[in-house]
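Sharing a structure, written as structure tokens. Questions coming.
Chains here go by letter, A, B, C, D, E and F, matching the order in which they are written, and residues are numbered from 1 within each.
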Amino acid sequence: MPQFDVMTFGETMLRLSPPSHGRIENTDTLDCRTGGSESNTAVALARLGRRVTWWSRLPNNSLGRKVSGQLNRWGVDTSKVIWSDEGRLGLYFVEFGSPPRPTIVTYDRTNSAVSYLKPDDVDWAILSDAAHLHVTGITCALSPNCAETVLHAVKEAKSRGLSVSFDVNYRSKLWSAKRCRDTISRMMPYVDLLFCPMGDADNVFGIKDSPGLVARRLQGQLRVDTVVVTGSSDHVAAVQGRDLLRSDIVRCREVDRVGAGDAGDAGIIHGFLDGDLQKGLKYGSAMAALKQTIPGDELIVSKAEIEAVVNGGSSGIQR
Amino acid sequence: MPQFDVMTFGETMLRLSPPSHGRIENTDTLDCRTGGSESNTAVALARLGRRVTWWSRLPNNSLGRKVSGQLNRWGVDTSKVIWSDEGRLGLYFVEFGSPPRPTIVTYDRTNSAVSYLKPDDVDWAILSDAAHLHVTGITCALSPNCAETVLHAVKEAKSRGLSVSFDVNYRSKLWSAKRCRDTISRMMPYVDLLFCPMGDADNVFGIKDSPGLVARRLQGQLRVDTVVVTGSSDHVAAVQGRDLLRSDIVRCREVDRVGAGDAGDAGIIHGFLDGDLQKGLKYGSAMAALKQTIPGDELIVSKAEIEAVVNGGSSGIQR
Amino acid sequence: MPQFDVMTFGETMLRLSPPSHGRIENTDTLDCRTGGSESNTAVALARLGRRVTWWSRLPNNSLGRKVSGQLNRWGVDTSKVIWSDEGRLGLYFVEFGSPPRPTIVTYDRTNSAVSYLKPDDVDWAILSDAAHLHVTGITCALSPNCAETVLHAVKEAKSRGLSVSFDVNYRSKLWSAKRCRDTISRMMPYVDLLFCPMGDADNVFGIKDSPGLVARRLQGQLRVDTVVVTGSSDHVAAVQGRDLLRSDIVRCREVDRVGAGDAGDAGIIHGFLDGDLQKGLKYGSAMAALKQTIPGDELIVSKAEIEAVVNGGSSGIQR
Amino acid sequence: MPQFDVMTFGETMLRLSPPSHGRIENTDTLDCRTGGSESNTAVALARLGRRVTWWSRLPNNSLGRKVSGQLNRWGVDTSKVIWSDEGRLGLYFVEFGSPPRPTIVTYDRTNSAVSYLKPDDVDWAILSDAAHLHVTGITCALSPNCAETVLHAVKEAKSRGLSVSFDVNYRSKLWSAKRCRDTISRMMPYVDLLFCPMGDADNVFGIKDSPGLVARRLQGQLRVDTVVVTGSSDHVAAVQGRDLLRSDIVRCREVDRVGAGDAGDAGIIHGFLDGDLQKGLKYGSAMAALKQTIPGDELIVSKAEIEAVVNGGSSGIQR
Amino acid sequence: MPQFDVMTFGETMLRLSPPSHGRIENTDTLDCRTGGSESNTAVALARLGRRVTWWSRLPNNSLGRKVSGQLNRWGVDTSKVIWSDEGRLGLYFVEFGSPPRPTIVTYDRTNSAVSYLKPDDVDWAILSDAAHLHVTGITCALSPNCAETVLHAVKEAKSRGLSVSFDVNYRSKLWSAKRCRDTISRMMPYVDLLFCPMGDADNVFGIKDSPGLVARRLQGQLRVDTVVVTGSSDHVAAVQGRDLLRSDIVRCREVDRVGAGDAGDAGIIHGFLDGDLQKGLKYGSAMAALKQTIPGDELIVSKAEIEAVVNGGSSGIQR
Amino acid sequence: MPQFDVMTFGETMLRLSPPSHGRIENTDTLDCRTGGSESNTAVALARLGRRVTWWSRLPNNSLGRKVSGQLNRWGVDTSKVIWSDEGRLGLYFVEFGSPPRPTIVTYDRTNSAVSYLKPDDVDWAILSDAAHLHVTGITCALSPNCAETVLHAVKEAKSRGLSVSFDVNYRSKLWSAKRCRDTISRMMPYVDLLFCPMGDADNVFGIKDSPGLVARRLQGQLRVDTVVVTGSSDHVAAVQGRDLLRSDIVRCREVDRVGAGDAGDAGIIHGFLDGDLQKGLKYGSAMAALKQTIPGDELIVSKAEIEAVVNGGSSGIQR
């Protein structure tokens, strides 16, 4: 049995946000956390008891150590991180909105250490330490080198017998829809489980329909066995081979929505790895809802707390 | 006329909570307040202008002094506190949730100074300084000694002519429903006014019905003249002798729900002492709602602010 | 072309508020910002790209400098401020409520430097530097001298060819409705654009009706060409000559409602100055809603953010 | 035996200070505490176990209640406070310096409720509830009415058999040295124990000498039996009748020096009341030093902590 | 080669401290960190690049997870922790003093999960995963069971070929000097490297002399090959066999002295493991000084920062 | 008379620092201010009443607006800023040390908007709006384009009759000493007033001597009329033509030393512009000391506070 259930890699940034719905212009302090789509998913999987390793290329300074240390803190292995003297740590600013004011993410991630990552920088034998690989479209958007590295990773994973999941995670501030579509399409032959938010299906693939039909059409177009369509305000839908599954969204009162999709992916991967995608959808919905109640990108809950929501537990006071 | 309108005793703890919906695992600071069911009720009564004394057994250190000083600050006398070198100050942690995540209370109150309290430690003559005694089931749950002390207290109070109120306040993390029921039943002959939340009626006494019928059944079963059933999301109901009274819940936007029941008890006791239980129910509903809008266990409002809500005042901006 | 599109004057105070819905009685820290109706409007106009100057009489100390510096920070000129060794800086405390608890403003502004301001203290030639003058009833309420100064200002403005706007902004904690009505009535011959909140129309002028009819009746009674009636929970209405206009309220999730009306005024003045009052109403509704999502009196947003709301943009996450 | 060992009255203000050596101009939060010379001394005496009551005229609002509640919290009775609808609560701002930047107090206390206090507002029978009265020159500086009230108080105290202490506490931002000298001189016939800081002896009485000689000269000039001269960086000196006493200053590392003199006064009064002025000087030196290590005006320590310093205990870590 | 260079075990607590030199009585927030002598040493060793594992018996709740996660964050393995449903997490409060006010540690660690630890609870084979074992007297003080467990550990370690270090770390608030001496003496036959602070030598063993002579006398009395005497304000001294070594204390400006001794131990163990005790003393002095400049028990620095101090680098600004 | 006394340009960054001597690795919040050598000097000059304008190339987003707004707040004009969609806002992190731990600046300023600035981007006619130009070596270090722009600026300034000052401000983390020397040497023919810290004289020009002799040697080598040598712990020295001047360092208790040199430059420029360099040295010493007592890069004091230190005022408490 490999050492880790899941390996993932990508960019994890310092996340800086004005407290209490403030603006960058009128704050004197910033809450300082860490976040990145893949490590968010890694943390959520670790909370479920999965053995998870995340890696990236990190600058060899206090900022890089902060990212690595935080992930260790939440239960994720970082022993495979590539430490570098080149490049900086990516940052992102979040200003939390309130309707009608949107929540605004301002990326400051150009020239990050990981953006220079090339396939040759990686000792691909590390893939053999894991049973499953999870990657996302965001990493592909960072640089052509990064896109090549992701492609290399999914090929290597496939050839070493790992299952592979991929989240489209289109970020319009990082690249164009066309480049996203072209790049991702090359990965699909090696992917077993594809996540695609409703909005990305529309923006990147021009598919606008009910979640189930979006999943079916993506399955046909991209030839991936299992496709999960998230991001609907009503339910999450999946196709797996000929099966069609769905699970209702779990309602929540939002505290911090960033990372909800990543937490949801973790729940779905958890079920997928157990060969029970329906369970995955239920866990994913519960975890995406729970994430939105917690400040920070990461799902800092116990497995028992997740299962209480999966089982429809009360949100009253427990004492 | 005795020096105090109301005397109460019980355990008041340091309350530690991560700010801004954070988790214990991911916070570096804790808000530090004080709280305990009986002292919460004492503070709320003091806010109404009632002369109130609260006592307990407190450790003779800065933590004990903090509790006593805070209660003085909110208007409650603590001159009857028993200072002790034995035992610690109980603590409790609260992680504020947001649906579907519950608010979680983690007690850390074993071996508290008050848990060692025995009837003989108390100079029961102090009861003569008050017109009314209020106690709750929580104190009974702390230790067998404590349960004996509460029993002793209600007997002594009765014999000295005080009226007595008692809130079931069942805490499943502290004791079993059976022990709660058995213990409380012994107190009932000395109680004039019983508070029982809907959930406790079900869990402890196996009674599940509308608030009014729950009150009537508890009245019959426990032979207490006045029974108030709280904790419904619709209305509070009471029986007093043959009368049945009710008052609508006052809707609120929740900031911190801890202590809402205790504040409600205070309003009801206030009316009860004036011989006007209907008024008590109205005050109780207003005060329970107001409490939920204020951070901390205690109801830090003025009497005028309470009466504005009782009279249906606007919640707009006042300037 | 004059140097400034808009000039305004009035009292700007230090604003002190307990964080996180706390009370003055139970807080150990106060958030410390600045705010005043006229400068709030000035800031919002500056955010739209308008060139704006605000002045007042400020104490020549660190508190006065703080007010001036903050307004500079948000884009408002303060070169015309009259610095004084007489009087103090006005303060106000805000305790943010949550239904049923109202938000409470406690003024502490007696004997402020500006309350001693007399018409002779001002070099009225400064009015020639602006195309429009905006004032409010609050300044009139500060002292008889201040009321005279406002009257002098609107007369001077009119005679120098500026257009003039006036917001009734009745504050019952500062003066009586009768004094407000008598004082304001004297200003009206010099006013082109009158703002009147629904509640003020009722309290000050005894007019209670739909927003449109209130506007029409005020127009007739006060003989002002353009009257905008704000403060309805449904829509804002305006009459301009014979025209009747309206714009729906923009719904929001409230973070801090103080200053919403002032931000709305700015949007309306913006349209008014462009000769397009209908646009003004739309901007005003958007800006009043946006203000409520931002901590502090002032509307710290970009013009693009305002226009996104005017155009019905999404309040989701932008990344 | 009277109910209280010591009664004192004066003005207690809200104290607002930027955290971490910040300036008013560049802070967004203010630490919010309470402080006033007489109540500072009252708190320090309560910490020594003395029964103390403080009174003033407080505005009947949340700010006034905050002051009263804080003093209750620290162990001082406030049952004799006169609640008023006239006047405001005085404030003061402190910007903590660091050499060469001085610590700057900016008073904002004009028109405070207590500044309107007249002798007739007080039921002087309350003096009979105490054995000793302590007042200071600051209260005399607030208004001519206040000066009359202090004069009335010391006369009444004398006639009712209380001992009386008085601290010159000259504040050049409140009044002139001449007015201070003239006013204080009228009080001296009724004073048993006079505190005079070195600087005040120079500024108010034109006496510049060693502490002991300053004390002797003040004794001769003002005809007070016991004079304590504080504020030297070396030692505190006292004359009592023909005796001359002194005690070395206790060295400290300063955290917040405000209130050090008031804490010192408390120690000296404590010894004076026990008929042991030498002990008072030792306690005073220890308490003045301790106060400077604690944020806030008030000496929040236990009696045991004071005695450890009196006895020369270590300032290392205790565990 | 074993997996870990150093294994250690003991109790790590939640550490709660009022910010900015405040007192427990007058603070509304507590800084919330973690700390314990053995884990502090573990963190400091990890910072030097040593592979370190720490274990204890932790309660299976969010508080226990917080401790484990924090240590992971700083680079310490916790895979050998024994998770338990019995007992609580120990806490300690620190009030940071300033001369003449001492820093006060208030322990609240009775009935902690680890205090129930017995030798049989441990799978002693884990010792084979490490080359060195470090323990301290504090753990022995927690309970007789704990003392037995420590004794068992050093015996097992010795028999498995590990080197063993032991820090007396006498805590007078936890046990008597006599019990400490008796207990520790039983451990000494299995100890290679003994740390003894000057004060402990005096209090526990009645030895008061220069650091070098204290070390020599302890060596003779306890028959330990290597003895290091810390806690002098001038230098640290060691005897190793017949050698006598010393290293000057590195001067520092104190921010938070808690954990300085533990960090110093780490430096000394580091040298000891390299067979270069003199280097260890230099590293220990540097690390003890550095620790005092960092808030929290743990030495959060890089190895390069430690070596800069060892090499006498400047403490100016680096940019 | 030109509109501004002084123009300056350079890079101003967001400054992020852990509060209370924390480390980046162990903080959850960052204090968020702004700072840059040239704008720091600009703010300090504005505090002296000088009319100052600062410009740069700023990104057209909330971070850029924050920088501009902050400078407006402190009294500096930013109307000449070039707003850009290219490049990011530079950041820098500061971890405040305490001996022996150094204060560490971590720059994160690559690819900033200003680093792309070329001479052709600037409308050099703006120089005619000022009487004096101040620049520093840091801007030259940002990029070759920037170095060209600075060279262009000093030439243009000279040709338009402005006086020019230049601070070497060598930053070893940005470029090599050789590149610094070569670049700066080309600027010197256009410079009237050169600032050179002692360390830079050594590192960049290989001159190590007393401040006065360093100044004389630099004057000879670089052929600048007036050279001021700062950064000695004893005194600042200057040569002006044949004159040699000096002024003692003003001692301070450090709170935040960043920006001290920039504040000192402002004082010296102030005197230089008045034709009184000796006065400049005195002001510079006072201002450099004062800056170190204030959190943040900028000298937020009043002119009166500066003059009090120049005149040797007390650093006691002022009330």
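In this section, contacts are C-beta pairs under 8 Å (C-beta built on N, C-alpha and C of every residue); 3 or more make two chains touch, one makes a residue touch a chain.
Since we're looking at a predicted model, the values are computed, not measured.
Under half of the residue numbers at the interface between copies subunit A and subunit B are found on both sides, making the touching surfaces mostly different.
Taking the CA centroid of subunit B as reference, the farthest chain centroid is that of F. Each of B-C and C-F has its own count of C-beta contacts, and the greater count is at B-C. Relative to subunit C, the most remote chain by averaged C-alpha coordinates is E. Separation between the centroids of subunit D and subunit F, computed from CA atoms only, is 45 Å. Within subunit C, the positions touching two or more other chains are listed as 19-20, 23, 25, 27-28, 62, 65, 69. Listed in rising order, the residues of subunit D touching subunit E in the complex are 19-20, 250-255, 286, 289-290, 292-296, 298, 300-301, 305, 308-309, 313-319.
Only residues 16, 19, 23-25, 27-33, 61-63, 65-66, 69, 88-89, 91, 93, 95, 106, 108, 110-111 of subunit F touch subunit A when the two sit together in their complex.
Every residue of subunit C that touches subunit B in the complex is listed here, in rising order: 20-23, 25-26, 97-105, 107, 171-173, 257-258. On the subunit B side of its complex with subunit D, the touching residues are 62, 65, 69-70, 72-75, 302.
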